[in-house]
């Protein structure tokens, strides 16, 4: 259909690039850096999104939190049955968790009460290889350090609601890298939890629901709203969407910076190439005198532009991958994550995103080639005899 | 058969290079266009090669009105029929002799064997076969001259145009060049040489000398 | 307003395209107005050079448009995730009543741009350049279509409202609605199949009679019927679900992206087929156009027929 590829012209174009290397170096390096920066940003962004997605996917599809006058309340286990009665609900479970205010340290201790079937806590437990016996607790490294600071090495005294103390021995430390190193996390059995916080044996913090068919989540959420008109119904999907949007915003921000730099660059390229060296003009004039048609010259110039931009793209992408994998996105990552982002000190697994690579390609190679159209055309259509004088 | 009919050529800033010129050349003729620089003789060569178009008049080569053709066809015409030798050779110094010679043929997508064959043919004809792979910048003036002529012949053109070919050469090299031209003439090429080098004016094998002064034939 | 990096990319590239297309438009105007082969003035030579500029810009634009079109479809699919209710691009397409005509316009423009390039080739291979004015007049028309397309594209992309709930393709492509899609789905399957294979045969027959107008027409029919039968019948065998009629879900990973391949083949085949009737081509090109058309269309027919046959072979019954 379209003119077939001419390998000789391609080779010639390659030769021209090498010969005028210094002239093109500035453009090549700038383009490479722009590509690298943009790619790195997008890779980080998509890696962070993926990280969230995997984490969130482990969570329940729907979480129902009880409210009264828009203030948080606990649920009663009885209500669990009403949830289970809804068709399409695979499982529903009451969760028990909360936080203890450690006054002396002015810090919050997050506590998750263990259920034999709670997947999250169980996973953590597995990794510590410790049996959680009746009235003991397991701490995260952070929590352990905090308590030790206040001389609680083997146990801790919780102050109950009625003022009495409950002494709880420390059984082990959570080793999972899943835990944010900054989170003061404690695991303990439900009975112990309820005792400390004076909660009824049928009280639960919230209800987590798993749905058999993911397409039905919205539908079931609707039904839940009918059953619990005052409750807050949070969908897993919504969390993901919020994250997606917030990162889109951030990517968008970086992208805007990129656009501005790119347009500036575009103008520079255009300007530079328009001032085509007389040397090049002469060479093209000679070629035309030797029988090259305008389209042959244009084809060679196209290959030149393609080689340069493609080369910059490949090198830039490679550098970005290197940066993201080898240096774990130092500096840029911190700029990306907001202050209290939960992912701050966790090892993010980086996944190269093909979609991002395509995007960067579209934003680098075609625009560059477009920038060279007019200069190439000017050069290709100069009357060759001007070259003779 | 080359014909220039009522050719006028103007450049920007009202520079009149040619003024109502009428010329014709027969096949196999060797013509010398005699005149000083700026007289318009280079312009005549450019017109015949189709490198530029006349402001007025027509250029007809073998019944083809090349001044009216689109670039696509003029270039094809040039590629198939014209061999050009420039005043300053216009070789690419960083490329090899072979690569320079092949330049006119690159857009043609010929087979590798065919390209090889042609290179061998012209390098042997003009006696630079041993330097095929050397870079042009490492050659002497005389050798470069031979590369330039070889290149102009690689497409076996019917018409050879030379623009001040001996302007930068000493007498020995000029005589060598003339010898090569004689060789080409014997092969029945139509040769047109634009020059003000007196060496050309009294040669036996020159068919005609045309005098050009300030854009007109005198 | 929903700004994903993909949408921003589309916007940037669209801006580039509009800029250069307008440049080509200016060139086209000059040529249509003043081109005269017989004049040998300097201005005519300048026009000839500018014609090259127009040509090359349009060629580059087409290549970019093809890439962008694929990317656009891909973006629609990606956005479907954020729009409540949408499962595939169909939901996004339906989100705005303008998006469906936009899709058709984009396809039409791709076809037309390709035609322009063919005319350009035909023109440049003839010493007289007989079509130079025609092709640029054609481009002027094309330019207007292009502007409409890009305007619509940006308008709909930037206007995506993430709060409004859209239908998923199950609802759009069902037979409950009173829309034309429903009417297509209501047709008896046997009749549709008859039309489909019938138009395929018609194509071969018109090649046999060597009538390029009939061949062109048969390709147009084939294209329309193929799309209808894909939605109503063949699609269900790809999804192995008698109620799944969506033409966009084919493009997703779940089905190995087979949609891209099928559509590419179908569009290529009908493009070449329709080409022969629209324009008097030179012999070599006409021959190869016939060949390409028949090849791709036959390929499409074979592959699409394989799905129901395979299903029957495996399961012993039809859906």
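Residue numbering begins at 1 within each chain, and the chains themselves are lettered A, B and C in the order written.
By our rule, a contact is a pair of C-beta atoms (placed from the backbone, for glycine too) under 8 Å apart; a residue touches a chain by one contact, two chains touch by 3 or more.
Treat the numbers as computed from the prediction; the structure is a model and nothing was measured.
Novice: Identify the chain whose mean C-alpha position lies nearest to the mean of all protein C-alpha atoms shown.
Specialist: The most central chain, going by mean C-alpha position, is C.
Novice: Check B-C against A-C and say which one is joined by more contacting C-beta pairs.
Specialist: Comparing B-C with A-C, the pair joined by more C-beta contacts is A-C.
Novice: Mind checking the centre-to-centre distance between chain A and chain B? Centres are C-alpha means, answer in whole Å.
Specialist: Each chain's C-alpha centroid was found; their separation is 65 Å.
Novice: Roughly how far is chain B from chain C, going centre to centre by Cα mean, in whole Å?
Specialist: Roughly 50 Å separates the two chain centres.
Novice: So how far apart, in whole Å, are chain A and chain C when each is placed at the average of its C-alpha atoms?
Specialist: A distance of 35 Å separates the two centres.
Novice: For chain B, jot down the residues that touch at least 2 other chains.
Specialist: In chain B, the residues touching two or more other chains are 71-72.
Novice: Which chain C residues sit where two or more other chains touch them?
Specialist: In chain C, the residues touching two or more other chains are 52.
Novice: Where does chain A touch two or more other chains at once, residue-wise?
Specialist: If we look for residues of chain A contacting two or more partner chains, we find 294-295, 381.
Novice: Mind listing the chain A positions that touch chain B in their complex?
Specialist: 4, 6, 8-9, 12, 15, 19, 282-283, 286-296, 299, 381, 383-385, 387-389
Novice: Which bits of chain B are touching chain C when the two form their complex?
Specialist: Against chain C, chain B makes touches at 53-56, 58, 67-73.
Novice: Which residues of chain A touch chain C in their complex?
Specialist: 1-2, 42, 215, 218, 241, 244-245, 248-249, 251-252, 255-256, 259, 294-295, 298, 355, 358-359, 362-363, 366-367, 369-370, 373-374, 377, 380-381
Novice: With touch defined as at the start, can you tell me which chain B residues reach chain A in the complex?
Specialist: Counting only chain B, the residues touching chain A are 42-43, 46, 49, 51-52, 71-72, 75-76, 78-80, 82, 84, 86-87, 90, 92, 94-95, 99, 102-107, 109, 151, 155, 163.
Novice: Which positions of chain C touch chain A when the two form their complex?
Specialist: Chain C residues touching chain A: 2-6, 8-9, 12-13, 16, 20, 49, 52-53, 56-57, 59-60, 64, 67-68, 71, 74, 78, 81-82, 84-85, 87, 114, 117-118, 162.
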